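What follows is a single structure, and I will ask about it in a moment.
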Amino acid sequence: MIIIVSLLVLAMLTAAVAALIYRDLLSAVIASCLVSLLASILFFFLQAPDVAMAEASIGAALVTAIFVIAIRRTKRYEE
Amino acid sequence: MSLGLLLIVAFGGSLLTYLLGKVSARTRDAFAVLISLALVVMVASLYGKAFRVPFYGGFLGMPLVLRIDGLSWLFAIAASVLGCLSVVFSLGYMKGKERTSFYYSMLLLVIAAMLGVVLSGDLLSLFIFWEIMSWSTFLLISYNGGPALAAGMKYFVMSFVGSLAMLAGVLTLHGSFGTLEFTGVAAGMSSASPGYVLAILVLFGVAFGTKNAIWPFHAWLPPAHSEAPSPFSAVLSGILIKMGVYGFLLLMFVIVGLRTFLSLGVGRIEFHTVLSIIGAITILLPTFIAIFQNDAKRLLAWSTVAQAGYIILGISFGTSLSVAGGMFHFLNHAVFKALLFMVVGAVEYRTNGVRDLDSLGGLIKRMPVTFIVAVIGVCGLIGVPLTNGFVSKWLIYKTLILERSPFLAFAALFGTWGTILYSYKFLHNIFLGQLPQRYEDMERAPFTMLLPMTILSVVVVLFGVLPGIPLAVIDTIGVSFGFESLHVTPWGIASDTGALNTVNMLVAALVGLVVVWCVFRSGARSVSVGQADSYAAGAAVPRDKYQYSVRFYAPLRRMMAPYLKDFVDSFYMRLAGWVRGLGDGLRRIYTGYVGDYVMYILVFLAVLIFVQIAWSPW
Amino acid sequence: MRATVGLILLAVIGVGVGISLLAIPFGAPKTEIGDYYIENAREDTGATNVVTSVVVGYRAFDTLGEVTVLFVAALGLGAVLATAGGKRGRSGVEPASLILSAGNIFLFPLILLFGAYIFTHGHLTPGGGFQGGAVIASAFLLVYLSSPGKRINESGASLTESVSGLVFVAIGLLGLTHGTHYFLANFLPKGALNTLFSAGIIPVIYCAIGLKVGSELAGVVDNLMEETE
Amino acid sequence: MVSPVLLLAVPLGLALCVPLVGRVSRRAAGFVPVIASLFNLVVSIRLLPTVLEEPIVANLGGFPPPFGITLFAGPVGMLLSALIALAGLVVSLYALSYIKTGPTVRYHTLYMLLLVGATGVVLTGDVFNLFVFFEILCISSYALVAYVGDRAGIEASVKYLIQGALGSALLLIGIGLLYGLFGTLNMADIAARIDSVDSVPVFVAMALIVVGLGVEAAIFPLNAWLPDAHSSAPSSISAILSGIAIQVGLYAVVRMVFTVFGASSVLLFFVFLGLLTLLIGELCAFAQNNIKRMLAYSSIGQMGLIMFALAIATTGSVTGGLFQMVSHTLSKALLFLAVGYMVYRSGSLEISSLEGMGRRMPLTSFAFTIGVFSLVGLPPFIGFPSKLLIVRSALAEQGVLLQVLIGLVLLATVIEGAYFFRVIQTVYFKKEEGQEARQDAPPMALLSMFVFVAFIVVIGVYPNLITDVLESGASELLERANYIGSVLG
Amino acid sequence: MSFLHDYVYYIGAFGLVAIGLLIILVKRNLIKLIIGLSILDTGVNMFLISVGYIRRGTAPIFSRPGLEPDGMVDPVPQALVLTAIVIGVAILALALALAVRFYKTYGTLDLRKAKELRW
């Protein structure tokens, strides 16, 4: 169990670092979406199904959608 | 006559004047004169009274009290009379200028605030009125715009520094004694440690010294006096700066007490001697700076600084004669300096604002009455016998010589010589010499201007001939401070230490006059020669080219100018520059880049945590 | 350079926080308040989901504030985007494939229903007004993606927002006058545990929240997609 | 029984109504904030006497304190809520004529919610609830700063938002640490469990919370957003931000440090920090040529002064600090309102462009002058008694250190006086080139300014009107045990 | 291993916080900054939830009648996080709207190029 959790945390942090590194904003947003999704799974492991649902539906889905819309209306790449 | 009513009339009058100005200018003018006259009458009716009335239950737990005694009456009457004359003078001077309602209202407000200052019975109300006086003065000094803005700014900053020092002093006293009423504080001070008293004296000294423009706090005065409207310059120079004198008298002799004051000092250096020396410096430097001024008002302004030096010298020297001399000189200075500022005002009024001494001249033909009052004023300023200035200066010289202070005596005398130089320049460059062509058809000064000037010049002579009138009042004040009485007679002072009798002088002067008249009569009749005949050999030369008042005292100036820079003032200006530079540098931390701001936030957090972990001081 | 300094700062802060975390051992039971809620939630609020009873019962005021925050953000977003002026329209989103738009016709009501289910059963199962609202908003998002021209009925959305918010406040105020006379007090009958119509005001509030959050988030998406030239 | 919860619920309900009212009439929407503020003002003033005797603790939802959320309406809370309502009322009157363009309905709604957030912060007795209301306050500020939608507004809003959001995140971490350490969120309950902040965990929590709240409170290194935001927002919003928002932020910091953490050992640090904030604010303002930016920096300075006074933590100084809050709200809001129309007429933010305003807008200039006098601390205006109290209480403390520090405070006041009086000179005495026609601010705006003027003068002359409230406020802040007792006991 | 056992969630949470802060600190692109904020928020939420966790606990829902209250995790942090998530999304939405406006006004998302307000 702890191994799985550790791997998930590792993956989550890696995704966050990816969000830091990517110069393509869309990729960065996807990475941060991944962070949210992994976090949502971790919430589930932490016995917080309500929060997991909220994080998945709001943090992962909706926020990503808003980000994508905003990026479409601005610029995709960091200069 | 209740003191509260007096102040209500004063402050309410100021407000009403402004409102009336919205209705009709004439009504407003009449009302302003009426109010200022009423104040004179009310103050006069308080003569010889001494009482206190609480008028405000507790301002943040500190009750406010009004009181009157001899000292405050003297200053109150001077303030109200000068104020009244200044309002009358303004009737003509301010005609046709803009924002006159504001001007009158502020003038009355300054007068009201001054009355408040001298009638205060506790330090907090003193401070409150002091501040009201400061900001209303600021507004009036800035009134003219242009260079007056810088002057007003300088005044405000310096006087604000002073007031805040005073505030610190007042509140320290409150912290120590729990009361701010003069009597209570005085009782507490008598048992306070010398260091404490000294600290209080220094704090208040900054405030009073700034207002009184003693060196090195004088820098605001010359620009402020010269840029303010002339009737207000008269008030400013005549009475407003004397609020500093009032403060010093109150502080030294009422609150600290004569004995404590004289014994105060660090080691062998006595505080009151230091103050006297500062007074002497204040006489010497400004006097010689005044000689080289080409602006009539600026000249008078520097002269004011110098005369203030006499007053400080007198009252801080601390003998009964010197203090009486100092107080009397305050009164005299108020009279003749106001008179002289009004003279300049009248000239300015007729010449459309010209007060450059190089371009005036010969106005004696156009403004004879003004010239006569100017002569009287200048005589008072120099201290010619039988004018009031003589008596007060004489008292000061006398005590300095008697008490064996050669340096101070020399400084005072030297200052008088300088005074003669600049006074003559003032008189000559305005009234004597060539009349420039553009002033050929100038009119006399209007009545509303002549009246106050005449009254003041009469007072100059009256106090010179009968010094006993004011000296009697001053003597009772001195006695209340704990000095010995001066034995005043209407003609002078009868005691051994300071014998003075104007009757002798009067006789001497009369005899001299008769002799001189005889001499002149016995000689040949004078012949009048055209100027062009003797200077241009009859050739037709434009008269303005012969304006020989230009660059008066030029050689002297070349000799002394390098030593007469106002170092204090340039230091202040540099200080102001530094502050601005500091602010300009500091605001660069707000770089505009949000990443830096985020950095600040994290740095702050990290420093907090680091300090706690490393040293855990909290 | 900036990154280095940043890392140093973060290290310092990290050490501080790390030391603090030592005092909060992970996974140890510690709070009385949590225990109290778990013990008494069913009795106090009638909800079997303790998180819901905390969110809409014990700490309902927070939730009122939270709904307000979202309201503020939606309004603010509208204000920020509206000041650009100009005519409104939408571009940049290509028409979706037939499958998506056709599927959406069936999917849309289903998702809405699902959202409604989530917020009406908030007191029984995981989920609640926020999650349900988000689901409803994502249904609208789907609509926007599949048919770019479609727009939310703005006045309807804002009406829903306001009215559902008002319902929340009104319920709170009714608590002040009814029952125990406390603001947001649960003055309705609590019913039997584990049934849909139980827990007093909680489902009512959660419905209001669900509608409000749904319409607000949909409005946010709508506003953001709106192109102003 | 009037409950303090009405102070939050009713305006919140009305705020939700604004969009509905706006559908009927856009103009009518502007009056809703007026009504709500008036309601709050009346309720606050009605509750004040009650609160002076004993603080009202309202348990929301009927759950006893550590379990439910409580509102704590003590003298400080009531005072500030009355102040918020007063400023809110006046500024909303002003906005009736000032805010003409843009999505006005949204403006009025956001404005009301800002007030609700501020009121919530001062009334709440729960740490997390504080966070929530804090967010309402901040988010509505971000949006309102960008309301005009010009370059400056957008830029300022973006910067403000980034710093503010960072602050909120830190605040939330701090709250999480607190909950982890003490297992409760109720302020009084936490306070009862904290003896000192010596231990690193408690200190770190406090540091995080102070930094998080400090961003809004304009404490020195955290205040970089302030000059931008306050100078770029519409003037009515600048008035509220300067007059209310940052003071509420400071209140939150003080409440946390004094009541929750009882951190008396840190206070000396805050004295220095306050002084530093004061000096930097005033010095930066001194070097400004942009009038609104100058006012904004002056707000930083004033916050520093208030913090300085509060951190001395004697009854007198805290009274003085609270008094200074009141005086700063009234004066700075007045200044922003007056400057709003002056800038509107002159069309430029440069101080030099205000030349001749004394003639063009005499009443507005007069109000401006009163505000300046009051802010600088000249009698007989409200700034005088407040500064007097601060200086008095600082001098009453023994010790050379405070006396030196108070010297620096007075020095900063001189700088403040210098730059403000420069503006006064510009407004009245500079000779302007062309004579422009006299055109004062609209009557509604003038009315609102003169309401402030009236308060400034009346309280300036009769400070005893509010000193009772302030003093019991001071003892509320200083006596932690009473707070804990009245909530839990 | 026991270290991981004790701290893996904390590490995850504060790792996200650190990365979020780092993004805000070093990046100049506004949208990137907002992504950083979102990651920061997620980290904070994770921290809150891990504070409330009780080892071998169950979700605080009495979904079946027989459940014992003893082993349930603390519901309070979960309630807080629900609120925090919504607040986070509110800030993000507003921030993105501002970013859109910012881009329209300045033609760039680089915050270094927007330094008109300074000093």
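The chains carry the letters A, B, C, D and E, assigned in the order they are written, with residues numbered from 1 in each.
In this text, a contact is a pair of C-beta atoms (placed from the backbone, for glycine too) under 8 Å apart; a residue touches a chain by one contact, two chains touch by 3 or more.
Quick caveat: nothing in here was measured; it's all calculated off a predicted structure.
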Chain hops separating chain B from chain A, counting only touching neighbours: 2
Least hop count linking chain C to chain E through chains in contact: 1
Reference chain B; chain at largest CA-centroid distance: A
Central chain (by mean CA position): D
Higher-contact pair (C-beta pairs counted), C-D versus B-E: C-D
Euclidean distance of C-alpha centroids - chain D vs chain E, Å: 29
Averaged-CA centre spacing for the pair chain D and chain A, given as whole angstrom: 38
Interchain centroid distance [CA atoms averaged], chain A/chain E, Å: 10
Averaged-CA centre spacing for the pair chain D and chain B, given as whole angstrom: 43
Per-residue overlap in chain A, given as positions that touch at least 2 other chains: 48-51, 54, 58, 62, 66, 69-70, 73
Chain E residues counted as touching two or more neighbouring chains: 9, 20-22, 24-28, 33, 50-53, 59-61, 72-73, 76, 78, 80, 82-83, 85-87, 89-91, 93-94, 96-101, 111, 114, 116-117, 119
Residue list for chain C, restricted to those that touch at least two other chains: 2, 6, 10, 16-17, 19, 21, 24, 30-31, 33-34, 37, 49, 51, 59, 62, 65-66, 69, 72-73, 76-77, 80, 83-84, 126, 128, 130, 217, 220, 224
Touching pairs - complete list by chain label: A-C, A-E, B-C, B-D, B-E, C-D, C-E, D-E
Residues of chain E defined as touching chain D within the complex: 17, 20-21, 24, 30, 33, 37, 40-41, 44, 47-48, 51, 76-77, 80, 83-84, 87, 90-91, 94-95, 98-99, 101-102, 105-106, 111, 114, 116-117, 119
Touching residues (chain side chain C, partner chain D) in the complex: 16-17, 19-24, 30-34, 36-37, 44, 57-62, 64-66, 68-69, 71-73, 75-80, 82-84, 155, 158-159, 161-163, 165-166, 169-170, 172-173, 175-176, 179-186
Chain A - residues contacting chain E, complex: 2, 5-6, 9, 12-13, 16-17, 19-20, 25, 28-29, 32, 35-36, 39, 42-43, 46-51, 54-55, 58-59, 62-63, 66-67, 69-71, 73-75, 78-79
Touch list for chain B against partner chain D, complex: 57-60, 127-128, 131-132, 134-135, 138-139, 142-146, 148-149, 152-153, 156-157, 160-161, 164-165, 167-168, 171-172, 174-175, 579-580, 582-584, 586-587, 589-590, 594, 596-598, 600-601, 603-605, 608-609, 612-613, 616-618
Parts of chain C lying in touch with chain B, wherever the complex brings them together: 2, 5-6, 8-10, 12-13, 15-16, 19
